[in-house]
Structures are given as structure tokens and as C-alpha cells.
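Please go over the structures that come below.
Next come two complexes built around chain A: one with chain B, the other with chain C.
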Partner chain A sequence: MLVHSRKARWAVWAVFLVLFLLLFALPLLVVLGASFATHWSGVLPSGMTTANYRVATRGEALEALTTSLVTAAVASLLALTVGTWAALAGAALRKRYRRLLDALFVLPVAVPSVVVGLSVLVAFSQPPLLLNGTRWIVIVAHTVLVTAFAHQSVSAALARLDPAFEQAAASLGARPSYVLLRVRLPLLLPSLTAAAGLCLALSMGELSATMMLYPPDWTPLPVLIYAATDRGALFTGSAVAVVLMAATLLVLLAVSRVRTRASYR
Partner chain B sequence: MAADLVTRTVGTLPRTTPASPGPGKVPEAPRNTRPRRWGAALWALPPVLALGLFFLYPLALVVRQSLQPDTGGTSLRPYADIFASEAFRHALWTTVWLASASTAGCLVLGFLLALVIAFVPFPGAKAVARFIDVYLSFPSFLITLALLFVYGTTGIVGSFQFLTTPWGVLLAEVTYFTPFVMRPLLAAFGQLDTAQLEAAGSLGARAPRIVRQVILPEALPALAAGGSLVLVLCLNEFGIVLFTGAKGVTTLPMLVYSKAILESDYPGACAVAVVNVLISVGLYGLYRVVSRRAGA
Partner chain C sequence: MGIRFDSVTVAYDGNVVLDSLDLTVEPGEVMALLGPSGSGKTTALRAVAGFVRPVSGRVLLGGRDVTDLPPYRRGIGMVVQSYALFPHMRVEENVAFGLRARKAPRTEIRQRVAEALEMTGMAGYARRHPRELSGGQQQRVAIARALAIRPDVLLLDEPLSALDAQLRSGMLTELARLHRELPDLSMLYVTHDQVEALTLADRIAVMDRARLQSCGTPRELYRAPADEFTASFVGNANLLPVTVGCGGVDFAGAGLKVGTGDAVAGARATLCVRPHLVGLGEGPNRLTGTVTEIQWRGATHRLYVEVDGHTLMADVRELRDPPRHGDRVHVHFAAEDAVLLPAGVAGDGS
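Here is the complex of A and B:
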């Protein structure tokens, strides 16, 4: 509708396709190609093999995959609980206090993740709460980082929620707890699952804060990918990266299936 | 991610106020609202306490540690040390110009790409928009990993030098963060009435003029919101820089990491961290104000 001549439209599409492929598709394709290769000295990778995947799906890498999945699941669950609670409590506050609460919960987005990692490391390497060296320090850092996103998407959904529903329920004599459990939370379910997907994806790809504080027996996948590329094992690293991408996509797919079912209710 | 931040500030619809009480009803007495307010404040307490314990208290400890040099006592010595060091000033400058240049690149590129997807539609444009959503859920360091093959020692193009310069980091950041600009833009373009474009077109305006005078003003809030978000994310980016493995490019987050983990200089790391937090929280506050203004 913007470009009317056929020739010009094709030219625009051609430029778009070239840019799009070069910028967004090429990096992912390069990692995918490298994960099946042993050498890459020409235009195309050479020495096709699946040996990288044999390394990437067992032993250390498999352990890292479970670590990432468990960390993401626990951190997202905690973040959703705290974020939703804060959003619901904030909605009942006066505007000025709600703004303050929003600002407080959005702060972890603005603070660099490396600094979140450093602060958690400094705070929990000393009494009263000693978590350094345990898996909990990684989970705490991830939870802090994703809570902001959980809170933001839930409170955005809450602002768009039609208050007529809860008012109708309350006017029919429903107690506040009943209104919350049977009216508001079910209406929020689609956005809660969307927030869950976001939290899971962010936590599974988190590297900055994790690099600051992971204990040797709790190594998530991104750290393993860095360790592999750092010692020059680029092709193994790519295979692990493909495993990470596939796992993230599968988790997101599962979450979006829950979401479709939730929105049809 | 970006879209959520934007809907939060730009797209929230005003909450409809409850209907005024009917003629037969007595308006709610003000004394009844006070206990309810206290109850609401009480409900907000547990999540705030949790945030305080796991986020604010650790940050406060970082500030305290940055004032306690290893020699003992409380002084501004760590700050004086880092501001005197060449490495810190270099890192500060690199961080700021890399983030600004990346943001500019993302804005231009994201605007052009979103323009094509929204207004020169082609079969598969929906799939491209979906692909961008998926792309956003991948970690940033994958881009640098891919670039290592393209520009690596034995790579496709084969100039390892390129990746160890700031230009390699710039390319990676523009590549990764452009979709963060495109998502709010696509949402804004979706709400634009296409009749305006048709009208402008039928009155004889050509494509560049329509873009400049009709589309751009409508897109400004989304551009401002997306751009400042990308600026903050670029200032704080760590994965992309770490994966280049370059000693030549040191940004502030990288300096925090190397001081704390590689040199075990915690007071120094904390001082750099405080500076980094001040810069990015200041900018993020600006972003919230700007996007709220633009949305209102």
C-alpha cells in the first residue's frame, strides 16, 4: 500500500530479504552448520559429523541441560509468585504508592545483570545467609533478574482487565479470596503463561550474572558453551548451543500449548 | 520482552472508574476506606520484603564494599583509584559510544525493516514477525558465536582482527538488538489507520513523503521507547563482549567481571559497579519518563 509500482516493490522486497537473511537468519544457520562440522575454512563447513552431538547430549553437557532446566523452572515459579503477588497488591494501592511499587520492581531491569550477580555474590558469601557455593545462589540471582519481567507483564494485563467482572462477583456476595481465585486469576491465566514463557527463556539463556557466581557443581548450559569456546572447542560449543536453542524452543512450545488451552476456557 | 515494557508504559488503557453510586445509595463514608488502605499496604509488604532481602540489601552491600578498600577503614579511595586508572576511563568511553552507536544502528535498521513488514506486505510477513519473537528468546552470545565462524581465524571471511575491535561488537549488538526496536514499532504500525496512507497517496504524496509526514510522527513514541530500552540493554551487555574473547574491547560490565572474578579486587569491582548502575538506572528512569509522556 506504500509502494505502488511493481518493480519498486520487488526491489524493496529484495533488499529486505538480503538484510533479513544476513542479519537474523545467517547467525543461526552458521551455528547450526558448525554444530555438524569439524572444519570450517571455506564458504561451507566441512567434515560433516554428528560426533559433536554425542558430546553435547551426554555427561557434562546433559548435566548442564538439567541444571539449566531446573534453575529456569524454579526461578520462574518463584518470580511469577512474587511478581503476581506484587502486581495484585499494587493494583489495590493508591496511585502514588502503586507507581513506587512499580518502580521498585522494575529496577532489576535497569541494573546490569553483572552487577546483580556481583551484589548477590557479595551479600550471600557472608553471614547471616551463606549461599555461596550452593546451587541456591544461582537460583536467587536468576529469580531477581526475571521477577521484573513477570511483574511487568502481569501488572500490564491487570490494568487492561475489565473491573466489571470482579465488581459483579463481589456484588453477588463473593468474598475477596473467592473473587481472586475464581475470577481474577483465571482471567489473568493467558498473560501468566506468557510471562512464564518469557521468564523461562530469559533464565535459560542467562550468562552475565551466572558467570559471577556459579559453583562448580551447578553449571548451566550458557556457561558450558562459554567454557567450550574459550578453550577453542568451537564446534562442540555450537552443538551445545543448538541443544540450548532446541530446549528453549521446546519449553516455549509447551508453555504456549498451556496458553492456548487457558485462553479457550 | 520489549513489547511488554512498552505495553506497560505506552499501551495501558485507562482503568474505567467504577460507576458512581445510584441515587438511592449513600456514598461510601471516607472512614471506611482507611482500614482497607492499610490492608492493601499490608498485602504489598511480603513481595517488597522479598525484593528488599534479595535485591536491595545486596545492592546496599555493594555500595558499602565500594567504600571499604582492602587497606581497611572507610574512604573514597576505590573511587579515586578507578577514576585515575586509564583502563576505567577507556572502558567508560567504549561503553558509552558503543551503546549509542548500536542504538542508532538499531533504530535506523529496525524502522526500515518494520516499515517493509507493515506497509509493503509480502506473503510470509506474518511468519517473519513470528520468527522475530522466537529470535528474541535466544541469548545474545549466540550472535558472537556465529560471528566467530564468519570472521574467525579460519572462517568464511577470515579476519580475526575484525572481531577483536569494537566494530565486531557493534555489528553483533546491532544484529541482536534490532528486533527489540521492531516489536514495539510493529505494534504501533498495526494501530495506524491505513486510510491515512491511502489518502496521502491519492493526494499525490510519494512514499518517502508519506513515511516522513504520516508514518514517522505516529511511530515516534514507539521509536523513543524502543530506542532507550536498547540503549540501556547495550550499556549492560556482557555476553556479546565476553564471547569475542578480545582484550581490546572492555566495557564497564566486563571490567566489573574481570576485577571481581579474575583479580579478586572486590572494592574496585564494586566501585565500577556503582558507576555502571548510576548510568543505566539514570537512563532507564529517563526512558520511563519519556515513554510515559509519549504515551499520555
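Here is the complex of A and C:
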């Protein structure tokens, strides 16, 4: 233990609590408070109402929530597929080439997401791959952004996976495809679900690249929040933000339940 | 089905880890590959399994060249130190794995799984997961899984080294029983433990520094080792640097009457005498030295006797009145209990 004396420990806890409250809890609580308010001129919000939530769970907002969920689901699925595939291929490469592959996949995280958005916009605004103006350009951008996390998580898990499993399976007469489906992927399942959760959460909250790309009929929830606050509808925006938060947490909860069932040791 | 290594050389990045191994395992034979770590024994086993590719030479299974076959087409069973049981499958699914991969009919799978679990004494654990089993039980499941595909060759890579001493000796008996029940199964058993090799193997191949040092039945290797390494790795040995004389050898100024074979008089050599064949007191080939250490081992006493700067070990029946540290004692051994070896490290006097 870093701190021994009881007094010092209390002091550390107090500092932690203040920092935690100020930096993490308070902003979220403010949003939660604002989502139920009609005015906020004093210390606390006033004019409590649930009207904001009526707006936030209907019509445009509901549509945006669906858009966000579908985008996140499709992008995460694509990212997991591509990331896992690349990680599996990378595991069979020599170290030097594997590093190169890793670097390539980390690139979209290393560059600002605005740059990723712009490059996707430029790349897919010309035939033959004319995706600009369709929902697919948003999904592609999200996929590019979250694949890095899927790839990293799966390749880290692969590095930890004892090659003896694969070899035992092969010695028993299982072809590589059978080994992949019945041994390697099931053993990677905990990492795959962890990666899925991360991808979903990141995609649900993505704004900067999305802003440059979204077509009018495919507005994800973060864009709607931004638009609402931009035009001064702060309280409605807060309600929509709480809905986004709740939806994301629910999705993560569902994924973590799958994850608990998938971990064997 | 027999296994043949035909000048098999394996190298990683130009680093030779197995140097032109020539070895034949007869059908139904248990061959132990015995050696310290880095001796190339596991590499030899992996070459049979197909996990490493020789840079030269061939591996033959039942006379068929399998050097270029992928592991899954070799039809061998394998048990490794970590067992490598699939944690997401129940015991019965683990055992059925090889049969399912080969698309065996369901009724056959059920029957063979039951048979393999019965044979390894794990029939009552079919529905358990590997994590719910002890190390010894996991080991049995790993063996059952390898046997379920009815392989002609079973490869065992340090299968007992993760078990404690008591379990290990029990598993050794079990493996010996399995071998009696499956007389046609050839086994290649990699170990660094001489007791496992001596107990289980029909023949032992002693390996050191990527090379095969010697090969023979446990008794042959123990009684008449061909070189110093084998003498010291298979059982304990006193290795004395000697000079060959007429009708005997000279050691530390004393003439010892031992068979010299075709060794040339005047040549340096190493005399190997097992500690339990060294007696205390007067006798033929007597040497006199000082006791430097004495250990009580229950049924025996082990004496370390220094003779002219060389320490001799003698395992004698428990003594009622053992000598003390610093006492001068005589030790002796019979001529037929000594083996003359080509000079090695001990013969160089270092």
C-alpha cells in the first residue's frame, strides 16, 4: 500500500472524492438535472418537467437513436470481422511484418477523427465508390475509426493464447478452419465481446467525423444533441444526451452479460 | 506403426536445435527421449507431430514419408505438459474432439469416448469442465483425448512434469498399464526425468546439445553407458580420470584391475563406477581417502570420499556405526562393476 497512516488515507480518499465529483460525476449530474428543467438561472435548475423526455423519445430523436444503434451495430460487426481477421493473419506473420500491420491499424486512432472524416469524404465522393449522401459513408467512417480497437484487443488476446491448444487440435486431426471455429474463436470470445463493447460505445458517441459526412436521412444521436444545443435548446439537448447515455449503458450491459458467459477461467 | 528419423536436422534462424538425428522407434515400442533442456528432445517430438519442419532429413511413420504432411493429416495422438484441454468444452467434448473433426458417426463417437474415459478411469467425469478437475485428472483426460482417435503413435511431451511426486509415480504405473493394454501403440516419450525414462521405456535415447548421444535399453545404458554424459544422466556415476595400463588402469597412483577392452596402454580414459557398487572397507580395487560428507538416506548411507583430489560417492547399506567427517576409509569395487569410457570432461582432469 502506498499510504500507510490512517489520516493520510482519509486525506487521499477526500482528494479523490472531490476530483471524482468535480470531473466525472458533476457534469453528468448537471446534464441529468438540466434534462428535467425548463429554466436554470440560479444554483439549481427550476421549472421541473418531463416534457424534454417526451421530445427526446419521439419523432426525430427516436429516429436518431435508431440510426445511432444501427450504425454502431453494423460498424462494430464490420470492425470485429476485419479486426479479427487481420489479427489472425498478423499472428501468422513474422514479427517485423506484424508490427507494420499493427501500425497500419492504429493509424485511424492516431490521426484526429476529423481527418478520418475528411479522408472518407474525399475518397467516397467519386465514382465508382460513390457513397457520399448515403448512410453507408457514416457506417464506413465509424468502421474505420473503431477497427483499430477491435484489432488491438484481439491481437493482444491472440498473443496470450497458448499455441498448445491449436497444436493439440491439429494433432487430433482438425483442419485449420475447424480449429479456428471450434477452438481459437471460442477461446477468443471474451476478448471479442470486450472489443465489441468498446466499438459500440465509441461509435455511439462519435461526432466529429460524423458531422462531416451524415446525410439528412441518417442523423445519429450525437449530431442531434449538437444541433439542439447549437440552436439554444439546451434542456431538450440534455434529455437527448441522457437517452444516449442510457442507451449506450444498456448496450454495454448486454454485451458484458454475454462476456461473463463466455469467460471460462 | 513405427517412427523413423532419417538424418533429421531442425534449425531456427540458422541455429541448429536438432542435428541429423537418426533413430527408429519400433511398432509397439516405448522410446524415451531423455536429456536436459535444450538437448533437442522436444524438437524431435515436434518434428514427428509436424509442428516444426526439418531443414533436411525425413520423418517416416510406418514407412511413409510424412515430412511434408500437415499435422492434422498425420494421425498421431499427442499429450503435452500443459495438457491443453479445451477450457470451453466438457470432458466428453474434449475427448470427442478428434473424432468430430474427422466426422466420425455419432454412435461411434459415443462408444469411443466412453471407451477412452473408461480406460483412463475418468468415466465418472464426462460432464465436468476441465477447470473442475485436478491436475492428475486433467492429465488422464488429455490421454483419453489422444487415445480416442486410436492413433498408431502417441507422443508425450513431459506429460508428468506438472504433477507432484506422488501423483507422478501413480501416473507412471497407469501409463505402463495403458501400454500393456495397447501393445501395438508406439510411444515417443520426452522427459528430462531419468526415473520416468527408466521406469517406462523399452529403450532410451539420450540427447545432449542437439545430438543423440546414445540409445539402448535402460539396463544397457545403466550398466554399460557408452559415454560420460549418458553415465551421468542415466543414474548416478563416479567418473574417474584414469590412464590405461597393462591389464588395468592407473588412478591417483593406484593400479586398478579392470577390463580395458581394446584401449591402448598409456591412453587417457574415464572409469565409471555406480555409487551403489562401491563398497566400504577392504576388497579388490581398494582406494583410500578422506570422508568429506556423509548423508543418511534411510536404507542407505551415502559417503563422499576424497581420493587424491577426486570425490567418490559410495552408497552403502545403512551403517550402525558410520564413519565421521574427516575419517580415513577404504573403498573398493569389483572389476566387473567398472566400465571404461573414452576420456571426456573427467578424463581431461578438469
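Here, the second predicted complex is superposed on the first by the 258 of 265 C-alpha atoms of A that agree within 3 Å, B and C clash if a C-alpha of one lies under 4 Å from a C-alpha of the other, contacts with A are read in each partner's own complex, and residues count from 1 in each chain.
Note that in this section a contact is a pair of C-beta atoms (placed from the backbone, for glycine too) under 8 Å apart; a residue touches a chain by one contact, two chains touch by 3 or more.
Here the structure is a predicted model, which is why all the values come from computation and not from measurement.
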Partner chain(s) touched by A:94 [first = chain B, second = chain C, both, neither]: first
Which superposed partner A:186 touches (first chain B, second chain C, both, neither): second
Touched partner set for A:212, first chain B, second chain C, both or neither: first
Contacts of A:162 with chain B and chain C, given as first, second, both or neither: both
Per-residue contact with chain A, leading partner among chain C and chain B: B
Partner chain(s) touched by A:175 [first = chain B, second = chain C, both, neither]: second
Set of chain A residues, in rising order, touched by both chain B and chain C: 162, 164, 167
Of chain B, residues touching chain A in the complex: 1, 4-5, 7-8, 11-13, 15-16, 18, 37, 40-41, 43-44, 46-48, 50-51, 54-55, 57-59, 61-62, 65, 109, 112-113, 115-116, 119-122, 128, 131-132, 134-135, 137-143, 145-150, 152, 154-156, 174-175, 178-179, 194, 197-198, 201, 207, 210-211, 232, 235-236, 238-239, 242-243, 245, 252-253, 256-257, 260-261, 266, 269-270, 273, 276-277, 280-281, 283-285, 288
Chain C contact footprint on chain A (complex, rising order): 162, 164-165, 167-176, 178, 182-183, 186-187, 189, 264-265
Of chain A, residues touching chain B in the complex: 1-4, 8-9, 12-13, 16, 19-20, 23-24, 26-28, 30-31, 34, 39-43, 82-83, 85-86, 88-90, 92-94, 97, 101, 103-116, 118-124, 140, 143-144, 147, 149, 152-153, 155-156, 159-160, 162-164, 167, 197-198, 201-202, 204-208, 211-212, 222, 225-226, 229-230, 234, 237-238, 241, 244-245, 248-249, 252
Chain A partner contacts - residues on chain C that touch it in the complex: 49-51, 70-78, 80, 82, 84, 86-88, 97-98, 101-102, 129, 131, 145-146, 149, 155
